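Given below, in the form of structure tokens, are the structures.
Two complexes are shown next, each including subunit A; its partner changes from subunit B in the first to subunit C in the second.
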Partner chain A sequence: MQALPDACADPRTRPYLEQFRDVHETLSGAGVEWLARSRVSSMAHLCSGGFPTQRDEDWKYTPLRSVMAHPFSLAVGGHVPDDPDRYGVPGLDSLRVACIDGILDSRCAPCPAAGLSVQSFSDMLARNPDQLKSCMGKVSGARSHGFVLLNEALHRDGVVIEIAPRVRIDRPVELLMLSCEDSALVLPRILIIASEGCRVEIVEHQVSAHAGSGLYCGMTEMYLEPGAHVKYSVIQNQSRSAYQVSGAWAELAENSRLDCRTVSVGGALTRNDLAVNLTGPGAHCDMLGAYCLSGRQHVDNHTTVVHGAENCTSNELYKGVLDDRSRGVFHGRIRVEEGARKTDAQQANNTLLLSRGAEIDTKPQLEIYADDVKCSHGATVGQLDDKALFYLQTRGIDPAAARSMLISAFVGEVLQSVEPQPLHDYLCALLDEQLSDPGTGEPGP
Partner chain B sequence: MLSVRNLHAAVEGKAILNGINLEIGPGQVHAIMGPNGSGKSTLANVLAGRDHFEVTAGEVEFRGWDLLEMEPEIRAREGLFLAFQYPVEIPGVSNLHMLKAAVNAVRRHRGEEELNAMEFLKLIKQKAALVEMRQEFLYRSVNEGFSGGEKKRNEILQMAMFEPRLSVLDETDSGLDIDALKIVAQGVNSLRSSDRSILLVTHYQRLLDYIVPDFVHVLAHGKIIRSGDKDLALELERKGYSWVEDHAGAA
Partner chain C sequence: MQGTEKDLTALVQREYKEGFTTDIEADTLPPGLDEEVIRTISGKKAEPDFLLEWRLMAYRRWLEMKEPDWAQLHYPKIDLQDISYYSAPKQKKLLDSLDEVDPKLLETYEKLGIPLEEQKMLAGVRVAVDAVFDSVSVATTFKKTLSEAGVIFCPLSEAVKDCPELVHKYLGSVVPAGDNYFAALNSAVFSEGSFVYIPPGVRCPMELSTYFRINAMNTGQFERTLIIADEDSHVSYLEGCTAPMRDENQLHAAVVELVALKGAEIKYSTVQNWYPGDENGRGGIYNFVTKRGACKGKRAKISWTQVETGSAITWKYPSVVLEGDDSIGEFYSVALTNNYQQADTGTKMVHIGKNARSTIISKGISAGHGQNSYRGLVKVLKGAEKARNYSQCDSLLMGSTCGAHTFPYVEVRNPTAVVEHEATTSRIGEDQLFYCRQRGLSEEEAVSMIVNGFCKEVFKELPMEFAVEAQKLLGISLEGSVG
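Here is the complex of A and B:
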């Protein structure tokens, strides 16, 4: 087995190496050799390669100073709220599964839906580790960075969701990712295996039960078998002092469909990597994002879609509303591989700046190695329309309500297709609330 | 209803209104006519509260209130309505949504109960019929992709919803063909009553064939230079604006 390094090229990794030394023998699946080996290897890579810096092109606009200022300690667990359900999406008739600081809450009732299996990572590793070997880290191997390695080395638990072939799960599965321990390092894993022809809607709902800080590095891997249809919504509503660097990776087989949606309102600094591989002909993915930021919040969405087969389509739309001194970053990469004919890839990033101090850095990146493809990208940056505001005022609507109406209309495009209604209403309310919150005074990057 | 006294207004330091005096009583219809650049639209916008224009002197009293001290939305809730010369497109906000928010804002202001969805729908369908507007337009984004005539009809629909005490119609006739003009005029006329007043701002006499005013004023260089009854509009149509301007200059 690879030995742990004694030295760290990047001193910022040292506290994490020390934690690794202390706990790695107690982490889930410690007795599983391939996993233990992979953990050590990830840690070694982290020590030698370090965390990203702004000199890395992919991190140019996202300063990590504040994230790295203090090392975070792995959540110890046990900070379990009496009633995690009260943090759920109100009124949503969901199959709810709670992860407290990244660890599946054992009080959760087993899911009653036929054809749906929800297990904790640690249970799965104890009972049937080899089933995980083939898929863990497979899609996340490419383009990994220090935070991915941190998760790979130190993750403790998470959720494995499997949907049986041709099963349609009628109620949404709500993964309530609850942060309860102040200033903790939380490293959840989510694995979704959508078997052939199944249909499921999953809502990953990140919320803080405290107002403190913390570092959340979640990793989600999704495998969509032929004809599977997965709706995957991520709601990011962590405390305004929390940091997050998360990633989701998906592999789509032929004729499968993934509808991804990321709505970010909370957190001091959030970085999302979303990578979708369209590997089978006729696969489709929607990548939608909405973020409403104020104070000194920072949200960075890095997306990649790889068209690796013929007749695949992707449709990407990210919309942001930035107030005060908040900052948004959008990087959209589309790669069309050789032979991926009849590709249709659309991408847009639209931003509304509500203050002079707000900033968006947006960067499309198209790499096309095939003929007969349709690819487009566009970015707009604008301000609230004065004329529209006045028009609404002359109709008796007060300026605050008029502003909120215009802003909701702007981001509404991203939420238009959200079902069921309680989820739609909740997302609208979150965005609305975020905008009426003065939001100043929180620490930022 | 409205009294404007010695109103001066400027935009970016340039004087546009140079002492307007105007008295509009309840139930009266006044028309303000004038060549391009005479300050017609500025007057309409100043009355509605557009902050782009700076009032440099004068006062405006509306139903006993100091109008210039009121925010635009309060003016609207107190019964002043501006039909825009260029109605604004608002993508993503449906006509229905905006009107419901607007009507209920007005009702709250008056201490009345808000309309529920059913009551509101019933009311708006009835008013839409008045301006011959198809129901699909209610569900579309405000003015987005509407033709010129549809936009103007949408303004009159809103006017009908609010039942304002004073309606200021800013060149509502511009860009309308004769059929649309008749529909718009019919909508406006149906709202005429002894306690509602209307101020028509227009370049052409044509509209006044359909909405017959009690008084006609001619505006030039930011001042009312002549007032009369509806015959003044006809005379103006015949002789052109240069006639009144020369006349005023000579006087």
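Here is the complex of A and C:
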């Protein structure tokens, strides 16, 4: 087995190496040889390669100084709230599964739906590790940076969701990712295996039970078998002091469909990697995102979609509203491989800047190696339309209400198709709350 | 469509008619680069001390720099010690008039369609030309007419002697010596280039033009152009270039600096037709160019128009720094890559002043195994009130083995800015072709019509004579390319 390094090329990784030495024999699946080996190798890679810096093109606009200012220690667990349900999406009739600081809450009832299996990672590793071997890290390993490696080395638990072939799950599955321990390093893993022809809606709902800091590095892997249809929404509503660097990776087989939606309102600094690989002909992917930021919040959405087969379509739309001194970053790459004929890929990023001091850095990219394609991308940065504001005011609507109406309508495009209603209402409420004090919009001092 | 493919291939494989060499005795430095070489170049040109110091400073900065590798380009490492940094056709003495120029040189330019004898120029189409052959300028036409208007148009080496204060003040003021790897190299070893100064309030009476020609083997061309438009003046400048066909790659690392003072306007047009290499990707020019303009004063305007059809590798980002309030930056580009050509080109628009506007129109055409990338930056600084940018990047793909890529960067730090970027990628539709053919056009005519339509927005920005040449060039380079 590969030995752990003694030295760290990047000093920021040292505290994590020390933690690894202390705990790696007690982590889940410690007896499973392939996993232990992969953990050690990930740690070694982290030590030699280090965490990203702004000199890395993919991290150009996201300073990690604050995240790296002091090391976080791995959540110890045991901070269990009495009633995790009260953090759930209100009124949503869902199959709720709670993960507390990245560890599946054992109190959560086994899922009552037929054809749906929800297990904890550690249970699965104890019982049937080889089933995981074939899919763990298969997609995500391809493009790893320091935070992915950190998760790969030190993850404790998470959720494995499997949907049986041709089953339709009527109620949404709500993964309540609850952060309870202050200043902890939380490394959850989510694995979704959607079998042939199944249908499921999953809501990953990240909430903090405290107002403190913490570093959340989640990894989600999704495998969609032929004809599967997965709706996957991520709601990021963590504490305003929390840091998050998470990634979701999906592989889509022929005629499968993934509808992704990311709504970010919380957190001090959030980085979302979303990579979708369309490997089978006829696959389709929708990637929608909304970010509403204020104060000094920072959100970096880093998306990639690879068209690797014929007749695939993708549609991406990220919309954001930036107030105060917040900063938004968008990176969207569409890559069309040679031979991926009849590709249709669209992408757009629109941002409203509401105040002096807010900043948007956007990088929509097309990389195309096939000719029979229809690809486009667009990016706009601007303000509220003065004419529209004026019009609303002539109708007797006061300026503040008119502004928030226009802003809601702007972001609303991303939420339009959200079902069921309680989820839609909840998302709208979150955004409204974030915008309730949208500032005056007047150029500040 | 099979017939079409064949037609296309035939069309694509046109000959590079500028690929001849001129057999002329040259004074060439041995390959290699060190401080001594720089001192020699500076000595040969009898430069003042400040320039030599500047070159050496650039060289020292360059030694610490790394060759950039972020572009979407793949090429073997360039051995910069294997290049000769100075080559000049041998001439007996200083020239007083064209009659004394080696007839072989005149003949070369005539063959390229650039007559240097003023009387031979077409009546009505008057363009003053500075002809640069390898490392030196061989002739500048219409000097007299221009000097009557107060315009200075001469080789940079002459300007260093005649108006050193202008050169000292502006050289490196837009592209500093240590700006990037290739600009630093150029600053250290630049051998020739054109210098233009337009005095306040003067509208330059004719188009100015520089024609660059690489001839000698194993040399690089490192020219440096400096154009200064003083307050409320106007100038239109054209640049053209060709090189012989050779199996090895030659390096061209130029720097162009434009300075537009209050109310001045500079229009800079390029038709780049360096040797692109053969159909197997052998040979061709490596074109690594730094071009930047600064709108220093209020209402200054700089407009870049480029038609890039040559070079094996193009790495070029003509940019505008919009310092003045109400200033305007424009970038119009058509880049064509065929066979194994690679282009990574685009622009930077940096908004600093208030109410500045910028427009970017980029058209990329890829055929064969060509790889064409647009890479651009629109940056709006905190104080740049009411900045306005519109960018449009369209790519046309012809054939299944080429690639088209778009990498725009948008950074906005002012809430009054309005920035729009859009990009599309498509190919010539079968329905479009069908429609044209049904109207009696041949496949080739249809393709050329569609391609010209695709590029129209850029071509209309070119000065007339250039627009004709550009359309012809594109027509020839693409004959037969239908996807």
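The working rule: the second predicted complex is superposed on the first by the 436 of 445 C-alpha atoms of A that agree within 3 Å, B and C clash if a C-alpha of one lies under 4 Å from a C-alpha of the other, contacts with A are read in each partner's own complex, and residues count from 1 in each chain.
We adopt the following convention: contacts are C-beta pairs under 8 Å (C-beta built on N, C-alpha and C of every residue); 3 or more make two chains touch, one makes a residue touch a chain.
Being a predicted model, the structure only gives us computed values, none of them experimental.
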Touching partner for A:374 - first (subunit B), second (subunit C), both, neither: second
Partner chain in contact with A:85 - subunit B first, subunit C second, else both or neither: neither
Touched partner set for A:338, first subunit B, second subunit C, both or neither: second
Touched partner set for A:33, first subunit B, second subunit C, both or neither: neither
Partner chain(s) touched by A:355 [first = subunit B, second = subunit C, both, neither]: second
Touching partner for A:395 - first (subunit B), second (subunit C), both, neither: first
Partner chain(s) touched by A:93 [first = subunit B, second = subunit C, both, neither]: neither
Subunit A: partner with more touched residues, subunit B or subunit C: C
Overlap of the subunit B and subunit C footprints on subunit A, listed as residue numbers: none
Of all residues in subunit B, those that touch subunit A in their complex: 48-51, 71-73, 75-77, 81-82, 84, 87-93, 97-99, 101-103, 105-106, 109, 141, 158, 162
Partner subunit A, residues of subunit C touching it in the complex: 70, 72, 380, 382, 395, 397-427, 483
Subunit A - residues contacting subunit C, complex: 57, 61, 338-339, 341, 351, 353-356, 358-383, 441, 443
Complex interface listing, subunit A residues touching subunit B: 385, 387-388, 390-399, 401, 405-406, 408-410, 412-413
